[in-house]
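To start, I am sharing the structure in question, which I have written as structure tokens.
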Amino acid sequence: MNDDREPIRDVAHLGRVELLTPEPERSLWYFHDLLGMEAVHREGASVYLRGYGDYAASTLKLTEAAKPGVACVHWRAVSPQALERRAAAIAATGLGIGWSNGDFGLGPAYRFRDPDGHVMEIYYEESRYEAPAPLRSTLKNLPQKFTGRGAAVRRLDHLALLAADVPTNRAFAEETLGFQLREQVRYDNGAVEIGSWLSPTTVHHQVAYVVDARGGHGRLHHLSMWVDDKSDVLRAADVLRENGIFIEAGPAKHNNSQGFYLYSYEPGGNRVEVYSGSFLVFAPNWQPVVWNEAERGTGVYWGGALPESFIEYATPDIERPAERRAVPVVDPR
Amino acid sequence: MNDDREPIRDVAHLGRVELLTPEPERSLWYFHDLLGMEAVHREGASVYLRGYGDYAASTLKLTEAAKPGVACVHWRAVSPQALERRAAAIAATGLGIGWSNGDFGLGPAYRFRDPDGHVMEIYYEESRYEAPAPLRSTLKNLPQKFTGRGAAVRRLDHLALLAADVPTNRAFAEETLGFQLREQVRYDNGAVEIGSWLSPTTVHHQVAYVVDARGGHGRLHHLSMWVDDKSDVLRAADVLRENGIFIEAGPAKHNNSQGFYLYSYEPGGNRVEVYSGSFLVFAPNWQPVVWNEAERGTGVYWGGALPESFIEYATPDIERPAERRAVPVVDPR
Amino acid sequence: MNDDREPIRDVAHLGRVELLTPEPERSLWYFHDLLGMEAVHREGASVYLRGYGDYAASTLKLTEAAKPGVACVHWRAVSPQALERRAAAIAATGLGIGWSNGDFGLGPAYRFRDPDGHVMEIYYEESRYEAPAPLRSTLKNLPQKFTGRGAAVRRLDHLALLAADVPTNRAFAEETLGFQLREQVRYDNGAVEIGSWLSPTTVHHQVAYVVDARGGHGRLHHLSMWVDDKSDVLRAADVLRENGIFIEAGPAKHNNSQGFYLYSYEPGGNRVEVYSGSFLVFAPNWQPVVWNEAERGTGVYWGGALPESFIEYATPDIERPAERRAVPVVDPR
Amino acid sequence: MNDDREPIRDVAHLGRVELLTPEPERSLWYFHDLLGMEAVHREGASVYLRGYGDYAASTLKLTEAAKPGVACVHWRAVSPQALERRAAAIAATGLGIGWSNGDFGLGPAYRFRDPDGHVMEIYYEESRYEAPAPLRSTLKNLPQKFTGRGAAVRRLDHLALLAADVPTNRAFAEETLGFQLREQVRYDNGAVEIGSWLSPTTVHHQVAYVVDARGGHGRLHHLSMWVDDKSDVLRAADVLRENGIFIEAGPAKHNNSQGFYLYSYEPGGNRVEVYSGSFLVFAPNWQPVVWNEAERGTGVYWGGALPESFIEYATPDIERPAERRAVPVVDPR
């Protein structure tokens, strides 16, 4: 912000992500048995899940579809007024779709697309989770019992989206949604914006936009679930490996975000991260950290590199057009 | 908020705490050598310190004084306008002291007292830390090298204050400062408010007000520094114990806040916590979790109890008046 | 060893413990669901269990009985010849019971009592565990899949026995069984041997003899199961607490043994420890570490104390005779 | 053992390793400042170091030399008689060099070469470490204060040696030294023994012999220092990276040994591992786990691969002869 306007802070946090899967039962097995989430509701072709520490009824919606990918990204507003303001601002950009009555557990929502085409919603009203007796915790401030099943992820943390044009989507997230830009990767002396990490809250990033190496639109790089300690990420790797899940990368530490990551593919094909570490951003006037080619390196802090698939693969999967093979690519976190 | 006003969100976070110590050199040894903080500035009777992950130049000011305690609690506003609004609101309560030119690294600040008498300031401008060459990190997004010295605390997290009258101070923090109430301990069917935990940010609490069992004013229960993993807290206990520091309680897990705590006394007498775990609060309409006598129990989740000193001792230390010996007491976190 | 004889090293390790429980189904739920062990065999009133890292078919036998306690402690010899030598040496003490054909998974065993009356066996032949397909690990050197269920204990570590007369039992373990004495607690200028910790292997101790404050015989203080990291012990505490299990002490760190402990009571009443940390002893001429009253303190390294029950309760539970109320007591690890 | 002889168990453990370094001051900085070891003695061109948990006076000897590598591997015998027996057995193989008066802190030692030419010694007498006052621990059973400096490695764990002919060296370690074979990598339907991991104690391996891809002799692959928890290995990676040390691989988990590894090069050029996890082997009749090409894969359990340098580089470094470029290679752990 170069002027004296106050920052927009109308979005509270990432509220829910709807994933598409062509393998609904096996995807459910992955999220329920291996990541340890609870299934709280079924409706149509969808199952609604939650981490044991999520305060909302559901933060992950799994919907059967022909191809994997992200169907909708839901953001919670800080107040009814904030919801109205953001809906108006989005509508003014021409990206609005319109009001819906709200998905399971959610109140009225304003539906829209980001410039790249990812469908999103913003809502305010949300049902708090009320655990049934067998899932009640002995901790009054924990919405649900810690079952310890599988990786036992605590809560939804963030997601990374691919976009054909990063600057436009980043600017939309900053200016229209009011997110704070936390980090960027810029190549060619800053001329090419490869990726941007943004957040509406103190969590380092709740959305990343990274250039789609294949020139697609509306694609998902990964969804990320939080565990409290790095040791929980190591444990998750054992759980996934013992259950035949392909681990694409990690556990290891990114340099940008300082995230301690573990990437695997859920059986429907979507990349899912089990995540810890990173850092909270408290500064109201945070200066984005910008990494050039040399500073960025492989994106892995301790050494080594991310595999080629980390750059090339996203959901839904598409062919890489021959003419885009020279586009600079980067791993999105 | 029972009405339709939007919540006040003018304070960004706890910015700095000034501690008093009658043992300045030994207190510095504790924070520098054992907690692993850096000393970045000296001025008069004060030394300014920082955790390796604090983005600001300094988050802890140690000042020589006859008795230990907290001299000032500094809160950062989210914008210049927010600073003006909070200053006006505080002034309207009659608790204002006036504007100062700002302490080391800080811009103009509005000084005031909370109802119990703790001196506080609110400011907006703040110098970001620029590490000298030997302290530059290999991580561009880390303001300072991780030295790994001692407990290597990452950043300031919160503090707990005692107050003769909790409800009045809690209401001031909610209504005038705009903090969100996260948890409470209420006894006697809710009639007696023993403690309240509040925060201006997603961190579970950045200030707690707990009843002063001795009827004092302006006293400090503890200051808390963050480490990323629970294993870091265990390691800190070894570091403190090997260096002859008295550990009052922990490492263990509180039920309220879910904090993983380790309490020791720095040589000046102030209680200091090395802290991890807990949980972030994202809900804009968070419903405070209220614990009664039975639910609260000893305040320790896994079992056991906090020692008597945890209730009785605070800085500066005072005698317990005979007539207050029947007042309900609680351990403040 | 003050002479030039070579140390006896005929026992390889603690092989199996048979626990008695008046609540067999609930005890099984504790060990299977909460500690994450597998049940591999049922025979008569017994269920045989194992940790995922135990190489043997079973390391824990749960047998229904009127009262809890330890029924048998099985030690594995290093060779057939070593078994013969130990059987002969034990027989020579008059404590032998005789040869048995061996329990499930074990070859011929020589049965005996320690001087306090605990029944023990020594055997050499043992079936290695061959996991059925669903429990096969993706690690060829892991005998069984890491399921991650509950606390997911890895293997049997040690047990602590009470004895009316510690020196006699300790001397039997040293001289007749050939265990190395690792640590002792001695009060009254060394005159009163309160407890001794011994091991036939590099594991710090595999058996402890601690004075029975109630003058009983053949009683069990606790059985201990290993997890690899201290973070696993913390996680186990959450699992136990969420499932309504009483946690008597910990997670915390003992001074003697340096063990990182978590003590709970399984539903049958036996005290069970989830354990990590401690240290390996490699020295062939290890000098026992002897703690006096002051050095020993509460037995807790970081501070605090073990509860009274830790001294008073063992299985089977008995009344404390009035005349023994002045006997020095110590917490056994 | 296919016959009925009892296993030889005359060696207690790996006692000391002497490393050569052309950069003695910087190597000392690495081991003292970054790994957190103490320097206890200087003699000639050597400095003697120790981990805080090593019971012996010194477990690492750093000696200035033109090239890096391993100068001597010291094994401790279990008794004076065991020392005599091993010396006689080694002498009978023709690999003996003769008796020495013993290095700093060690009694008389019998010096020899393994078949590949690595110099070794076996000794029995050893000085226990007596910490000077500033390094005395508050734990009576800890030989030295836990300083928490740098990675704070606890103790020497193992080393990996390259050999032109693995089977001969492995057989020498098994039959003449009496080590137990724990794991092997065998290619070509078992015909080619790529590497073998052996130990005289419960620690999974204290020496590995891996084929020297360059046909050299007497070379060192790596030296390994133990830390208690996997979280300590992660922390070590941050410490090394912040201090400009090249991390070759890890933190990650091997499949064979289950070791949680972190490999870096100390400034003298030797590869050093900070290590945790793995598992203890208690079985007196342990059946070696043998991995073929497919089972072995990259040697990394969770995914990914070790870098080419991990196969190619050892100390002292030599050229790879053209004629050996087709030799199967494997990463040695």
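Here the chain labels run A, B, C and D in written order, and each chain numbers its own residues starting at 1.
In the analysis below, a residue touches a chain if its C-beta (ideal position, glycine included) is under 8 Å from a C-beta of that chain, and two chains touch if they have at least 3 such contacts.
Quantities reported herein were computed from a predicted structural model and do not represent experimental measurements.
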item	value
Comparison of B-C and A-B by number of C-beta pairs in contact, larger one	A-B
Furthest chain, CA centroid comparison against chain C	A
Separation of chain A from chain C, taking each centre as the mean of its C-alpha atoms, in whole Å	47
Length of the line joining the C-alpha centres of chain B and chain C, rounded to whole Å	44
Separation of mean Cα positions, chain B and chain A [Å, integer]	31
Multi-chain contact sites of chain C, meaning residues that touch two or more partners	138, 229-231, 241, 301
Complex contacts: residues of chain D adjacent to chain C	4, 6-7, 9, 12-13, 53, 55-56, 76-82, 124, 126, 128, 138-142, 154, 183, 201-203, 228-231, 255-258, 277, 279-284, 286-287, 289, 291, 295, 301
List of chain C residues in touch with chain A within their complex	137-138, 145-151, 229, 231-232, 235, 238-239, 241-242, 244
Residue ranges of chain C in contact with chain B within the complex	229-231, 234, 237, 241, 246-253, 260, 262, 301-304, 307
